[in-house]
Every structure is written in structure tokens, then in C-alpha cells.
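Next come two complexes built around chain A: one with chain B, the other with chain C.
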Partner chain A sequence: MVGFVTVCGLVLGIIAGVLHPVHIPAIYSKYVGLALLAGMDSILGGIKGYLKDSFDATVFFSGFLINSLIAALLGYLGDQLGIDLYLAAVVVFGSRMFQNIAVIRRVLLKKEA
Partner chain B sequence: MTNRSLWRSTALMFFAISFLVGLFLPGQARVVQEMKQSYQNQDPKDLIRVIKDLQGRKATLLAEETDMSQRVTQYLRASDDTAAQVQQLQREEAVLQQKIGKVPLEGPGIRVTIQEQSTGESPSILADEDLLLLLNDLWASGAEVISLNGIRLLNSTAVFRAGLNVRVGDHVTTMPLRVEAIGDVENMSKGLQMPGGVLDLLNLRRVSAIVQTVSLLKLSN
Partner chain C sequence: MMSPRKNRIAFLIALFVLVISFGYLLAVQFEPTINQAYVVPDQNVELVEIMKGLELENAKSVERIVALRSRLNELESKAAATSDEVRLLTQRLQEDRAAAGLSDVAGEGVIVTLGDSTRTPTLSDDANYYVIHDGYLRMMVNLMRRYGASAIAINDQRVLANSPIVCAGPIILVNSSKMSPPYVIRALGEPEALFRGISQDVFFKILTVYRDQFGITCSIQKDVQIAIPASLDNRALKYTKGAR
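Then we have the complex of A and B:
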């Protein structure tokens, strides 16, 4: 049920974003992208925790905020230092998203069984 | 907090966060697309390819421009030629109109007044050949247009004596004969007055011929 709510929120958010686009300056687009990646990772992590009965709202919300912020800051810091630090965030969040999706899939398959 | 209210707050939190993420996704996608289309964020290899492509197009357009310029020049030349031809034809038309007596003319010329003595003991008569010699000398020495007693001579006008009168084409005129010619006055005078010329001949035949230079002769059509 949480997954349904999440998908609904995502779809409604996309529709709202298409109808009333949020202006993102081009120079910040890389950091916003990293923040969005971190946000999606947090959502998948939250769903996984909910399905495994280990969900904590505080952890979920703080994880979303801090991870997004840290990812963006990491990208900015990398740009200032001339290092592609944002790649680290992309790799970490990307692999975690795959892991979370895999866990969610397994839990759902077990529940079906 | 009951399970139901806990579930509600959890669902609300998931909804809010996913809504927030979804809200930013289209804007982010649009910015990325715009950045891909701008040259500042392109791959240098792609930019080099684009530059080469643009240089090729520029060369093609320059060749087209040169070709078009040549065509325009040709058209302009053709139009100039046409204008020149039209002017030449108009000049020829004016000359032809003068020759066929369609237009009145005026200009410097000479007037030759011929008086014969048809009465008395020894009359002198202007012969056909003398009159023709006079007219041909005038044509040859630069006359552009000639009239006999106000009758314009054309290329096909026949001039001959008819008894004591002179027939000029379809008209008949009487003596004395006033020959007026517009053209090169100096040449015409010299041509008539040269030794052994037509005036000497007329003098020999005792036909009076008085040559006058007129600054402005007017010959009607």
C-alpha cells in the first residue's frame, strides 16, 4: 500500500512539475540531479524498511534531507576541487537503489508466496 | 499513536517526499535537455564535428552565393544590353522617320535659289540631269534632308522636269526653284562650289544659282 501511495505521489508530482515547471538554474542542475538521486534512494530505502517492519519515520525523513543535501554538497565540493566527487554519490546511491529494489522485490515475492 | 494514524503519517510522508521528487524531475529533465542543446556543454569531439559540418555548409553557401552573383551580373548585363538595343532602335527609328519625312526638321543648312531664263532670245533651261546632279551633290556632301520649294525629298522621290515645271514625286512645282538642305553646311557649300562642280555647270548653261547659308532652316513634313 505504501508503494501505491509512493507511486501516486511521484506521478502527481511529475504532473504538477510538467504543468507548473520548477525553474532550476543550469549551473545548479548537476547538484539538483544528485539530490533527486538521493531522494529516490531514500524513498526506496523507506519502502524497503516499511516492508521489513523496520521503518522509522525520523530516519526516513532525516535520511532524505541529509542525503540529498550531502549529495549536492559533495558534487559542489568536487567541482571546487576539480575532482569528480559527484561520481562517488552516483555510484553509492545507484548501487543502493539496485540493492533496495532487489530487497523490495524479494519481500514482495515472499509475501505473494 | 494508533496503528491507523501511524500508517497515515507514514503514507503522508511517503507521498510528500515522492511528490517533491516528482515535482523536480520534469524541471531537471528540461534543464538537462537544454544543456545538451547548448554548445557550452557539448563534447569537444561533437563540437569539432559540428564545426566541420558548418564549415562545409559555409563553403557550399559561399559557392551558391558566387553562382547567384554571377547570374545576377549576367541578368543585369542582359538588361543593359536590352536597354542599349532599345536606344539604338529608337535612334534608328528617328533617323528613318527623318528619311521618310514623317517629322519636321530644323537646323543649319543652305538654300540654293535657281532661276532660269525661259524667255528672250536665248533662253536657258534647267535640264533634268543638272537638277539631279545638284541634288546628288547635296546628298553626297552631307545633306540630311532636302526640300524643293518646300516639298520634302525622300529616298524614293522622283524629280524631273515636266515642261516648264518640275515634278517632285506626286507634286508639281514651278520655277524659280528653291532647294533647301539641312546638314553639314561647310561640306555642302564646298561640294557645290568646287571647280568643275554643279554651280560651274549651271553657270555655263546660264542658269542662275544663288547659294545662301542659313543658320536655321525649318523643313515641314
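Then we have the complex of A and C:
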């Protein structure tokens, strides 16, 4: 069911994005990329929470929004200061994604067994 | 505390909404890349065709001008052989042509080379410092005139008093001819005076600072044999007539 909802939502979102795209100026596309990374982390975190029965819709939503915003802001701030601050977001969310995927994998494997 | 069933439904709804927005962002983020790579607006295709046609026409016209000029030279030298008076007039005509920039000239002078930086500016850098602007070329041409240049050319284009040097996006137009870096600016004149005057000018010193800091190309050298092409624009002064 989770997989079905995820795939359906993703396909719907992509179709909506292709049919009615918002034009993002090239200089901001880096920040959107960061927001995407944060969003991916939040979604994986949500799935993990669901599988471990600790899911909380409020935490899920606020995490998705705030993490995406902070990641984009961090990237912007870094560019203003001349430091590659976006690397912080890339490293943190990147490693967390791996951790979440590892937990999801383990839970699913146990269920199978 | 929510019941497990309610919790499950809440999760699925939340997941659905978030995944939709995630997918949307993903598609939007990919969209500009797709557009740039594959989709060329119809209007542009048409304009590019028109431009290519005009460029071809231009190249043919240049060939024709060169051919007609050599034919004219032939006829003139034939006519000059007929009498002393014609020979004198022909000589005068050739001198006037040289002064007006309508004939090839050669001699000693200096060569200034300007080129864009090989480094790529990062997002926080000002990209303007890494490229050669049309204003730099105008300044350099003016400097050369100030230190006594008698004939100037940028790449293959002769620069006359009324030659436009303008910016057109990533390229520079000199006499409406497209130029890309490196810009080689040749000037005939007394090499020592030109070299010393230009290399000690504030503008040239600023360019050398840009060279050291941002990696643009900027060099000046003396040369004893510099060839400068004729202007192809026979009618550059078509609206100028002597006042009576």
C-alpha cells in the first residue's frame, strides 16, 4: 500500500510538473535541488516512522516544509558568504537518506522473514 | 493518541500529498534542462535560417568587393601607363585611399591581445571581470590613436574613425562582423611610443590587474611587420559631402 501510494503520488506530481511547470530561473535551480534533497529525506523518514509505528503526521509535514526551506536558505546564505554551505545540507540529508533506507530495508526484511 | 488505523490513514494521505509535491518539484527542476537541450522554439529556427542566408550573402559580397578592387587596380595601372597626368592622379588617388583606410597597409607597430579568462567564475564571483567587453576594445583603440597609431585593425576588421564596436551578448561586433576572443588589435605607428604609451596607461594597468587576479589574457608586443587589411566599407562616408 505504501509503495503504491508513493509511486502514484510521484507519477501524479511529475505529470503535473510537466503539464504546468513553474519557470524557475537558472540561478535558483540549485536551491530547488537542495529543497528536493531535503524533501526526499523527509519522505524516507516518514516511511521509516510508519514502518516502526512511530509516525506522526505533524512531524512529517513540518519536517518536509522546514527542512526543504532551511536547505535552500542554507545554500543561498552560503553563496552570499562565499562559502559552500550547501555542502552541509548535502552531507546531512545525504547520509540521513542512507540511514533511513537502511532502517526501512531491515524492517522490510524482518517482515518478509 | 490516535488509533493505529487512523494513524495509518493519516500517514498514507500525508505521504500521498508530500510525494505529489516532491514529484512536481522534481519535474519542474528537470524541465529547464530538457528545454535547453532539446526544444528550440520554431521562431528561432526560422531566424537562424535567415541569419545563415545573410551570412552567406555577406561572404559573397566580400569576395566580390575584393575581386572588383583588384580589377580596378589593374585598370588604373593600365591607365597610368598612358600619360604622366593620369599616372599622377592615380598615385594621388591611391594615397587618398590609403588615408581613408581603403587599401591594405603594412609596417611596424604594436599588437595587443585581449582574451577571456580560462577560469570559470563561481556563483559568488562577478562574471564581468572574466570576459573582455566591447568597452575594453573601444578604450584600447582610443589609446592607440592617442599614442599615434595611423591604422588599426581588430582581428580581420579594419577600424576606421566611424567603425562601430558594439556588444551583442556573448560576442562583439566590429563593423557588424562577429568577433570572438582572443581579440588581436594591431596598430601601425612608432612602436616604441605606442608600446610605452599603452603599457604605462592606467587602463592597460587595470587590465593587467584583471589578468593576474581573474585570468584574462592581456599582452602587448612590438612588431616590425604588421599587415592591416583594407576596410571593406567603400561607402562608410556616404552621407558626408564637402561643404561648398
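Following the convention adopted for this analysis, the second predicted complex is superposed on the first by the 113 of 113 C-alpha atoms of A that agree within 3 Å, B and C clash if a C-alpha of one lies under 4 Å from a C-alpha of the other, contacts with A are read in each partner's own complex, and residues count from 1 in each chain.
Keep in mind that, in the parts below, a contact is a pair of C-beta atoms (placed from the backbone, for glycine too) under 8 Å apart; a residue touches a chain by one contact, two chains touch by 3 or more.
Predicted model only: the values in this text are computed from it and were never measured.
Aligning the two structures on chain A places chain B and chain C in clashing positions. Once the two complexes are overlaid on the shared chain, A:61 sits against chain B and chain C alike. In the superposed model, A:6 lies in contact with both chain B and chain C. Once the two complexes are laid over each other on the shared chain, residue contacts for A:76 go to neither chain B nor chain C. According to the touch criterion, the shared surface of chain A, contacted by chain B in one complex and chain C in the other, consists of residues 1-2, 5-6, 8-18, 21-24, 26, 29, 32-33, 35-36, 39-40, 42-43, 46-47, 50, 55, 57, 60-61, 64.
In the complex of the two chains, the chain C residues touching chain A come out as 4, 7-8, 10-12, 14-29, 31-32, 123-124. Contact residues on chain A toward chain B in their complex (touch as defined above): 1-2, 5-18, 21-26, 29, 32-33, 35-36, 39-40, 42-43, 46-47, 50, 55, 57, 60-61, 64.
On the chain B side of its complex with chain A, the touching residues are 7, 9-11, 13-28, 30-32, 34-35. For chain A in complex with chain C, the touching residues are 1-2, 5-6, 8-18, 21-24, 26-27, 29-30, 32-33, 35-36, 39-40, 42-43, 46-47, 49-50, 53, 55, 57, 60-61, 64, 79-80, 82.
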